[in-house]
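Got some structures for you, see below.
Below, chain A partners chain B and then partners chain C, in two separate complexes.
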Partner chain A sequence: MSDAIRHKLTPLEKSERRLGFAMLAPAFLLLAAVVLYPIAELIRNSFHFNHLAQPWMGTPFVGFENYVKALGDDRFHEAVWHTVLYILVTVPGAVVVGLGLALLANKPFAIKWPVRLGLLLPWALPLVFAGLIFRWFFEYNQGVANAILRGLGFEPLNWLTTPSLAFFAICLAIIWKSSSFVALVLLAGLQTIPKSFYEAAEVDGATKWQQFREITLPMLRPAIFVALIFRTITAIQTFDIPYAMTNGGPGNSTETLAMYIHKTTVDFLDLGYGSALAVLMFIVSALITSIYLRHTRRDPGRH
Partner chain B sequence: MAGIEIARVVKAYGATPVIHGIDIDVRDGEFVVLVGPSGCGKSTLLRMIAGLESITGGTIRIGDRVVNDLPPRDRDIAMVFQDYALYPHRTVAENIGFGLKMRGVDRAIIDKKVQEASEILQIGHLLERKPGQLSGGQRQRVAMGRAIVRDPKVFLFDEPLSNLDAQLRAEMRVEIKKLHQRFGTTIIYVTHDQVEAMTLADRIAILKGGHLEQFATPEVVYKEPRSTFVAGFIGSPTMNMVKARVAPDASVIMLEGGASMAAPPAFRRAAGRDVLLGLRAEHIALSDAPAALAAQAVIVEPLGSDTLALMRIGAVEMTGRFAPDSGLVAGKGVKLMLNLDHAHLFEPDTGLAIV
Partner chain C sequence: MTIRLTRRMLSLFGLAAGLALAGTALAQAQTTLRIFTGGQQRPDVMRQIVDGYMQRNPGVKVEVEVGGATSEQQQQYLNTVLASKDSALDLILIDVIRPAQWAAAQWAEPLDAYLGAERDAVMARYLPAYRAANIVNGKVIALPYFADAQFLYYRKDLLEKHGVAPPKTWDELKAGAQRILAAENAPNLRGFETAGAPIEGTVCTYLVPMWGAGEDLTKDGKLNLSGDAAKKPFQLWADLKEAKVTPPNLAEIPTDRIRQNLQAGNLIFGMTWGYVWNRAQNDADSTVKDKIGVVPLPGFTADRQSTCIGGWQVAVSAFSKNKAEAAKLARYLSSPEVSKQQAVLASHLPVFAEVYGDADVLKANPWFAQALPVVQAARSRPVTPRYTEVSEIMRTNMNAFLAGTKTADQALADMNTRLGAIFR
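After this line comes the complex of A and B, so read on.
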């Protein structure tokens, strides 16, 4: 774009450009009001002491004090560690499950609705709702998980009150919920692969597995990358599902960074410190997004 | 190498039949072209031979094996697709060697064969490129290379040249013919271009609406079309087709609108019948003879080597091919001789040749 030949705009082009800006203005103003202003306010807050439970202290400027505090805050470290664990488990998990779903949905089935329902239902469901469903699913007395265990003759488990089991249950819920999005992205990718690629491979003697490895996977790489990045960015902000299932418990064992920020500001009323933590989270998200942007910009040149 | 026997082959999608019992016998090493208008079922038939479509009825044999239930990979065929089906993420060399690699052939042997094939096709300097960096004609060559290295019993082509411009198409036509002469492998080739069919084929199978209209050498198809459909499909310009009536004693033939001419003895077979008279443009000539018909040039198309002119003779119009210096002018009256020794007679209702 930048090296496109610059030329003098004709009056028509000028008026078109003005119209364009005018039409963008409402969206831009809205964006400024709900995104840019809060971010600026967040950053400002993070450099101030601002504790709603201690109004008499005022809101003095404290420099990097809030950030320094985060360095020594064990609960913050744990929350970060949990978030990283969720990312490491649920992002690849969702991609694998999503790929399976996409491959299934791409098959010419006689009856299509079960696959479509399986694909769209988790996606259409609100996050908290999904969390509540899985909380019931893993509930001790009436949950499906324990009913199955009992049916198989095993002892029921304390799914949501044992740290490792609770982590496992939450990961399962997140993967179930987020794999539809991945599947939709990958399905779009699958449908761009010409049928003749598979037919030529079939004639050439490739087995189904070879076709998957030699054609599907490499052709799907850009789509998988998009899915990975989008999934990672949302996984950094994991909140609703663990909030609905365990509220971070038992103890803080399933608490994510977003949940800790929420608690710090809404429950503990420490706006200054909470803002600093939120800024840190924002920086990480922005970093990953920029990796993604750089990659996509480079992408066309590779083909 | 092997022949192919297509016997009473039927294809239906659900309740819709698209191939209605076709018989074609392809001899070992023969170059057969399937030709016909869009939707006539050429691709479907080819894909049934390849194993990419199931066979609803009848049998297909390759060599002496019935292949009806054999998967494509076990039929020992190679196919060149209309869109070439080259993998964009693989180099030219990897694309050509793909089939061998899938079959677990030794790396060194693959390299050697890819090298050989690329030299035959003159793409040796492109081996490290990706398909996206090639021209249409080069891609076409890579697709053929991919088929050649497999050294199959049969080559199948589905409109391989339809994505190329006219000049490149002529060039690749020659290339394909050379390949056939060099390897002698049986080829079945689908096209809707009658020029391709005429120039390439040992025998042409002309399909129409899922039926086989005629299966014969280019010469026979051109000189003895079995129906008005074949007559109209093969040859350019299209064969003239006019309504006429043969006198009961077969001495004269009357064109619609009254013009009449002496009929050759061969027309006795249609004595006293209404017919469609088929005559190619080259069998119409300017003449001063007393028996010549009065006509008027309607449209004159100089092509350089010769000139096509649409002539009105009474109530009918016919296109003739004339020498470029015959001085034809649109609107001018001329006198024409129709060389009825080369004329074809067809049944007006069925369109079948009267023999």
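After this line comes the complex of A and C, so read on.
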């Protein structure tokens, strides 16, 4: 088959093709160096014992031992469960809030900069800063949250040392931080919807709510999917905000999978086990992305 | 006119180029050493000390790099630097709990060869605990920079006002704090604080009462958590919490927050380290200057007081490109001269017994007169190459208990399971 194709190529086409490969090569090599090689190394490590605090043990091949250990590790199960909860709450949360922000920013305001700044600022802020800011909001003594509670005559709450409240506080911080990115994606989508659709609907006597449901939402579906994919992938990797706000505490009750991997590799220097955990996270991440991708391909809204 | 200007400019360029060349030549003759220290180990004082060293050693330039505020945050960063064999750091200030781990990971250059014939004489001068902590399997892994232990800080003025004597037992502390809290009735005033956040210091929050009950985490290399002594720390902190002596948010208190609360005048008793004295006396925002007293930590009985040993050591990185010069600086940083300088400037406890009696040191820190026996009797956290894991297990379980998310039995059972896998 390939021989047949090659036969049909003229010398000019052949040299064009060679040039094409040559021009792709640098990008491919770079990608191989920074993505493929580390992933290969990660998978290799995950089948070995490799604990930098115990260099005298060497790095023997241990087969699936690290994976078996992960399956029986309660802390791994808890970390996965916490991560799933963060995804379930913060992904829809960010999309709903982000949609509201996008609709607001799409309004023909006379002065546009306050809305745009409000949209861009949380996005431009480093994650760990957002985490530190929210940590002070929810701090027991000096925090804004407890100041409000005291002002209203309630007892102050231990926001960051009660598991359910800490989870709530972290979700709030993540939604605040990530909804502006979602809003930017959706705003781009909103601006592709022709004005004439709304004018026609107006003429037919559709209410604002009907216009939103019948025109805005369906037309926005591809953009919402893009936002969902990006947001879900980053939610699987949730690390910075809980790290800065609670460092996984109280106990391990707000620890995510990425935090547990970080702790295992960077703190405990257990590269073998940490790599196995990272491979498992990679598989989960790839699976969820492929489900999304399949869905978007079937999505009639694309056409 | 233009020609003259150009000429002048040319000669200026020439001069500048010449200076630049001379500058590079000088820089090449100079050794640059980079030392890593933590934000809480008074990097400002470290800078003063190395400035003095640079004046006397014009061929050496010392840069001070400042890292995380808590011991485990610093170690996180250092783990990535050293696991990748980075040569950027020449000297590193490490916590007293680290030498065994650093020796096992081969991150510290053994200093025996650099000390040469003087090795034994040099090491003999340090307090025995620091000599022991820094020699691992017969090799000198680091040299002590300053000593430390946990003490009980108290508000002298409040205790005197309400007729409370500095407590020698936990019961006395509880009763005294309750009396003062009730009489003062100030909304921001707290009775007692120790580290409760999931940080390194919280390991001592568990171990101090356990030692006070007469046991240690390990016995003959085996985990020793089955007896009553292992439950004592949980009982003590639960008791103080119930008595409302500790604040409801103890589980989010890291080490330096105790100092901040003390300095703001919001704390009666604090279990914390030596550095706090100098800050409380000299910081511009301190409201408690001359109102602080320091005594040994209480015990369950007055005759059995215990405390955690701390302190920081200078290690030479195994990946440094200037090991000989770095070792020289390490020796200087662990000299009696620097020990005294730190004691005066930062209330860092000396690593030499004789410095405690120095007149200047005592003038800056009157309580150092009683501090030497405390440091000498202070105990060590478990010594193991896998200390980061041991520490994490203890501090997260203690933290979960203090937050009320685990009962004492759950926390103890989890500690048993996970520590049991390490101390096999």
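Keep this in mind: the second predicted complex is superposed on the first by the 264 of 303 C-alpha atoms of A that agree within 3 Å, B and C clash if a C-alpha of one lies under 4 Å from a C-alpha of the other, contacts with A are read in each partner's own complex, and residues count from 1 in each chain.
Everything below uses one rule, namely that contacts are C-beta pairs under 8 Å (C-beta built on N, C-alpha and C of every residue); 3 or more make two chains touch, one makes a residue touch a chain.
The structure presented is a predicted model; accordingly, all values stated were derived computationally and were not measured.
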item	value
Chain A as common anchor, with chain B and chain C clashing or fitting	fit
Which partner, chain B or chain C, touches more chain A residues	C
Which superposed partner A:G63 touches (first chain B, second chain C, both, neither)	neither
Contacts of A:P11 with chain B and chain C, given as first, second, both or neither	neither
Chain B versus chain C as contact partner of A:G151, first or second or both or neither	neither
From chain A, separation angle of chain B and chain C (C-alpha centres, steps of 10 degrees)	140
First (chain B), second (chain C), both or neither touched by A:A53	second
Partner chain(s) touched by A:T162 [first = chain B, second = chain C, both, neither]	second
Chain C versus chain B - closest C-alpha approach in the superposed model, Å	51
Interface residues, chain B side, partner chain A - complex	50-52, 71-73, 77-79, 81-83, 85, 87-89, 98-99, 102-103, 130, 132, 146, 150
Complex contact set, residues of chain A against chain C	52-56, 139-141, 156, 158, 160-163, 247-253, 263, 266-269
Chain B contact footprint on chain A (complex, rising order)	194, 196-197, 199-207, 210, 214-215, 218-219, 221, 303
Chain C - residues contacting chain A, complex	72, 75-76, 79-80, 83, 101, 104-106, 188, 197-198, 247-249, 251-252, 385-386, 388-389, 392, 396-397, 399-400, 402-406
